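Quick one: this structure, given as structure tokens, is what I'll be asking you about.
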Amino acid sequence: MKEMLSKITEDYLYRLIKEEKRIDDRDMFEYRDMEMEVGQIEPAEGSARVKLGDTDVIVGTKMEVGDPYPDTPESGVLTTAAELIPMASPEYESGPPGEDATELARVVDRGIREGDAVDTTELCIEKGEKVWVMFIDIHVLDFDGNLLDAAGIGAMAALIDTEVPASDFEEAEKEEDYSLPIEHTVVPVTFTKIKDQLILDSRLEEEKIADARLTISLNEENEIVAMQKGLRGVFDYESTKECINKAKEITSETREKVLNACDRENL
Amino acid sequence: MGSNKDIDLIEDGKRLDGRDFDELREISIDAGVLKRADGSAYLEWGKNKIMAAVYGPREMHPRHAQETTKAVVRARYNMAAFSVPDRKRPGPDRRSTEISKLVSEALEKVVFTENYPRSVIDVFIEVLQASAGTRCGGLTAASVALADAGIPMSDMVASCASGKIEGEVVLDLGKNEDNYGQADVPVGYIPRSDELCLLQMDGNLTQEEYEKAMEMSIDACKDIHEIQRGALRERYSTELQEEEITKASEGVE
Amino acid sequence: MKEMLSKITEDYLYRLIKEEKRIDDRDMFEYRDMEMEVGQIEPAEGSARVKLGDTDVIVGTKMEVGDPYPDTPESGVLTTAAELIPMASPEYESGPPGEDATELARVVDRGIREGDAVDTTELCIEKGEKVWVMFIDIHVLDFDGNLLDAAGIGAMAALIDTEVPASDFEEAEKEEDYSLPIEHTVVPVTFTKIKDQLILDSRLEEEKIADARLTISLNEENEIVAMQKGLRGVFDYESTKECINKAKEITSETREKVLNACDRENL
Amino acid sequence: MGSNKDIDLIEDGKRLDGRDFDELREISIDAGVLKRADGSAYLEWGKNKIMAAVYGPREMHPRHAQETTKAVVRARYNMAAFSVPDRKRPGPDRRSTEISKLVSEALEKVVFTENYPRSVIDVFIEVLQASAGTRCGGLTAASVALADAGIPMSDMVASCASGKIEGEVVLDLGKNEDNYGQADVPVGYIPRSDELCLLQMDGNLTQEEYEKAMEMSIDACKDIHEIQRGALRERYSTELQEEEITKASEGVE
Amino acid sequence: MKEMLSKITEDYLYRLIKEEKRIDDRDMFEYRDMEMEVGQIEPAEGSARVKLGDTDVIVGTKMEVGDPYPDTPESGVLTTAAELIPMASPEYESGPPGEDATELARVVDRGIREGDAVDTTELCIEKGEKVWVMFIDIHVLDFDGNLLDAAGIGAMAALIDTEVPASDFEEAEKEEDYSLPIEHTVVPVTFTKIKDQLILDSRLEEEKIADARLTISLNEENEIVAMQKGLRGVFDYESTKECINKAKEITSETREKVLNACDRENL
Amino acid sequence: MGSNKDIDLIEDGKRLDGRDFDELREISIDAGVLKRADGSAYLEWGKNKIMAAVYGPREMHPRHAQETTKAVVRARYNMAAFSVPDRKRPGPDRRSTEISKLVSEALEKVVFTENYPRSVIDVFIEVLQASAGTRCGGLTAASVALADAGIPMSDMVASCASGKIEGEVVLDLGKNEDNYGQADVPVGYIPRSDELCLLQMDGNLTQEEYEKAMEMSIDACKDIHEIQRGALRERYSTELQEEEITKASEGVE
């Protein structure tokens, strides 16, 4: 049930882009209104709801005590899953995650993991025996483009919001809950390429005519921790450098918003 | 019903959260909260947080599931992984499969399905935070989402449970009451025709207790129906307002 | 491969029902011949085959030693599964249980579970560590309507027939097998509504034109332990009361038959 | 074959259940025992209890599996969860997938499939109680169910195993013989054409032992074929009787 | 996506067979060129690649420490799996193993298992507690007929090539790796029947018109350890005896080739 | 990237396997190695052993996945169970699903897909032995297999990674470098148009390091492209030779 744009809409969008204009009059590198609600889901250890215009994503974290991986006996375990539930778009179908949901989960996961957002060694309870296992679940409620940023930002905010539920688990050997040990705040930004034009925070209609996208995750020291080119188009090397330069600026603004929304002191 | 532990659920004639026996938890409903869906509603009911969305009528796939004389109402009830204390594994389980079936059946009665042969009307219920009574909350929200989608209906279904705790029949069990109570009777009610389109029960009730519970629930459903109608009114008036603002601003130009 | 009745058959059935008649000349609230064979399946801990006319259902129980659920450390575990195998009807397909099989299993399960048919606390071997895990498997061989009653009656009979196989399991810490501790005998009855007429023990053709059904499970003290409205039609409140009244009479007759078929003394 | 433990399976020239080396367990077959199926048969063979049912010829779904010049015979062998001492998890496993394939292949040879292009003839075998030899029992019962369904066939397949226990070739292994024996050779045999449509073997046999086993099995299959024919005769005569009774009673009216 | 031969090709093949000729001028009971590479896959405990003409199969073994089956507490565990990956033929599809892959794996497995190729009692580490679990994985790269022989031969060679990785597993309680204890060398041979003619090592086109096949696995003492008739045709008893006689000769030649390729002394 | 253990990966300005920072592991490619596939290539890259095969263009199934104006390139990346030290369970996992998607996207750009509406070009990549860099190896081999299949392309994609170990930017990480290094940047490069059709990165790089890594990779991809072209030349010359031999021998007759 893939939806197509009409030829007329498509042409109109191309014409706009050529004139460096967008359907909602935004600048090329401007986010839509970003709303963040943090900690609204009580049963979750941490949660964040991120709205980028009409795109609406909830990320929740859950923790339990489990086994470490044999090759990392001193680290907690991180698992990220995404569901593109059919509520969010007429194009999504029920069933196990397809390749889009898998890519979404893995790109968000790589940002968190490779950027050392969480100090996973502090999630070891007993070396080689038991560690904290953390699930990051991405739930998309309404899809109007740019899921990668909404989910990636939501995941970082949910992590900052997370309380390790030590008091609920006898095996945790601690009596009080404590805030998740955050090492870096990693924030993604996704550039969408339409013909030769790069834009930020693409809406659904824009993604329908997009050639390629490039997601760049940076930490607070402007180090690159994850990248992913997506879609069937290409980038040239020069424009990837351009994107990285722009990403520094943009992600530091986003990072500010995340930290403000989270209201956590010990960071 | 739960493991019948000796847990006090009633003190001084009130329930632990201060409610009277026949008192609902707080309910609020917003209609038209999602953009992509044809209709939607967001419901908070006590600590439950539930989103419902409607797509359709649209062509039924797979084709062999089409009905030649009417639309099929196909509900899917789903809990977010983080909606409960112990993480819920994604994907349908037996409980959600049954609830999806019952909600589909309950809604089909009020939709004028014969208007849309070979079609499907998809109803998606996502439980974001669960705290006893999610099937009733989901059915209630779904009815509002259907109306918000502009789908012709004879009425909205209102839904609510009552049950028994410490030997007393009470309305709308909360989480502890559900875990440690003695019976639960979820009901889906169509006010206009005074009919039950959802009815389940588990636990232990005498016929007298059953009747008391049902009467409580039906009364409560009438109240819930008012809240549903209020959500729609709110929605339309917002739309109206927006239209007026648009007109006004056009006038200005 | 859903089968339809011809328009003529349908009209004929409606006309009959209107005149309070049935295709096989039964009364509105009369069961078909009910045959019960108990204990015929040797490898099962308990078993019962129930025939209601041409509807033919076998229920078998199996027990093994396993882990309790964390929230009920002192109770045995009960699991009910139903297979609508394609042998039983041209409408059934191979594959994992669909929503009909799931509903069947869950309604039977609720009757047993909520009616405290089995004293599950006696199935605890070591608190929080090991308990008896019981599987109730419903196998439909021939489908001519009213599965819910056939399966529910069969499940109760199979439970009464069940010998706990303690001698097979070292972990059971008992040397002799013993009869499953039965607390209540729960029996369901299902009313089918066609237009405004209620009938009992519907046959396949009757179910094809049915609007709704209501299953009520009662224990030997006439307490209601489970109910389920099914299908896309409705009931009004008054008729549910009527059904409950009728159910008391009917289930006590059924209960008598079950106990007779089971030939177990210590109940 | 089993773990070759030192378990006595023969005493005083007889097997533990008293059978001679070339003696079958008791077999009984009833045809036409199910209402919905187009044909059916119930078989008891020693402690095995097996139901077989046939549906078709009917249109093959999915379409791409149709054959344009003939019907496909599609067998599904399934064990009930409670049919064996350790509960069998529902759904197909590798063993049942293989048996289903072999039984499909064995039956197709005797059915006049070219009469029904684009069709499927579904054969369902349900093992209700298992005690060694269920594939042979299933194939034997399925043949009767096909005949009961009135499907044109060149012959019925009779099936039976023989094997080796304590160095002796014996017919129709029982449960312990199967578990602790040295070889098992299940055979499907078409008496009219003297052909083998099923043949498997596992264990350890010299060529001489193989021949002895096969000859035993083929002889036994001829006996089983008689039992199959008896079941059909019984079935038809019952039907005939019923018809006569009907006629008689109509005469009365 | 089942491929059909054209009527002309079919007729041509039948005519050839009638005249006891084959498309590639082989004798009726002659193998194609058989190439064997043993031990080329480093991460595998043992491996063999077998080419029969254009048919190309890799078999690899992997071992880990695990639980024994409750009914064989003193034996290692053997598991055989086959994947007919879509690389190998336009007729193979992605997804879980179908009935052809299942039959292939099970026939190979039975030869190995029933022929006592491996002395599984020597794979017991601690009775009832821990044993070696061995996976035999059959990977078909290119399919031009006669998979059963290629896979069966490859499996035997891979087993002979297998080093038990005791030094990698603390639980193994041995410090040095050692060769897998081989008890018998079991080799299969498959006869294909076209009309009344039997042939060996059938190519794809020949299998398209084949009526039946018979696989016979023999050990080095010419004892039959496994047989399987396949396809929808029949054999008469006399021809099975003929096949067994021929099989003795053929498998002893094959066995020689396997042993030569394996270059292992202690057999 | 790995668990950042203190493992030495550089000694005396060389990597542990003796390579310079900007040195590739050894690469060899053979084209046309499978019979059934329309095109194929076998690649060895260090200790990686990878087979790629192409089928198509052929009709796309299922139909609803067809595109009306072009062919779809559908890659499937799969690891053999025995290709890694810990047995890989058969079937796709999340990692292989993602790689399959990225490889499909990377290849579609160079194929003239508009020549084959409603078709699919299937690309199968089987990793027989894995040792860091299998996605780059797979993409490189797949490009050769596509060319071997005679599918019209604007260019072959060459692919290679670079990364960071012990603070140094190096080309083409080996297994230990991948496990214990600090960053990995796999790149797919189209030499003719100087464009990137695959780009991923994980770990930790400054912008300067990123640039250094990319420049290394792009240079290396140009070398790999030569190896790819060599494999094709070899393939064609073999074919030519074979044809000539055939002709010659025909002359003799």
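Chains: A, B, C, D, E and F, in written order; residue numbering restarts at 1 for each.
Everything that follows uses one rule, which is that contacts are C-beta pairs under 8 Å (C-beta built on N, C-alpha and C of every residue); 3 or more make two chains touch, one makes a residue touch a chain.
All values derive from a computational prediction rather than experimental measurement.
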Taking each chain's centre as the mean of its C-alpha atoms, give the chain farthest from chain F. C
Could you tell me which of D-E, C-D or E-F has an interface matching B-C, in the sense that over half of the contact pairs are shared by residue number? D-E
Farthest chain from chain D, going by mean C-alpha coordinates, please. A
Between chain C and chain F, what distance separates the C-alpha centroids? Give it in angstrom. 58
Provide the C-alpha centroid distance between chain B and chain F, rounded to the nearest whole angstrom. 52
If you look at chain C, which of its residues touch at least two other chains? none
Chain D: positions in contact with at least two other chains: none
Please categorise the chain-chain contact pattern as a line, ring, star, complete graph or other. ring
Follow the ring of contacts from chain A in the direction of chain F and write out the chains one by one. A, F, E, D, C, B
Quick one: which bits of chain A touch chain B in the complex? Just the residue numbers, please. 1, 40-44, 47, 54, 56, 58, 60-62, 64, 81, 83, 85-90, 94, 96-97, 135, 137, 139, 141-144
Listed in rising order, chain C residues that touch chain B in their complex are 71-72, 75, 99, 102-103, 105-106, 110, 113-116, 214, 219, 222-237, 240-241, 244-245
Can you tell me which positions in chain B touch chain A when the two form their complex? 34-37, 47, 49, 51, 53, 55, 58, 61, 76, 78, 80-87, 90-92, 122, 124, 126, 128-130
Would you pull the chain B residues touching chain C in the complex into a rising list? 1, 3, 94-95, 97-98, 100-102, 105, 108-109, 185, 190, 193-207, 210-211, 214, 218
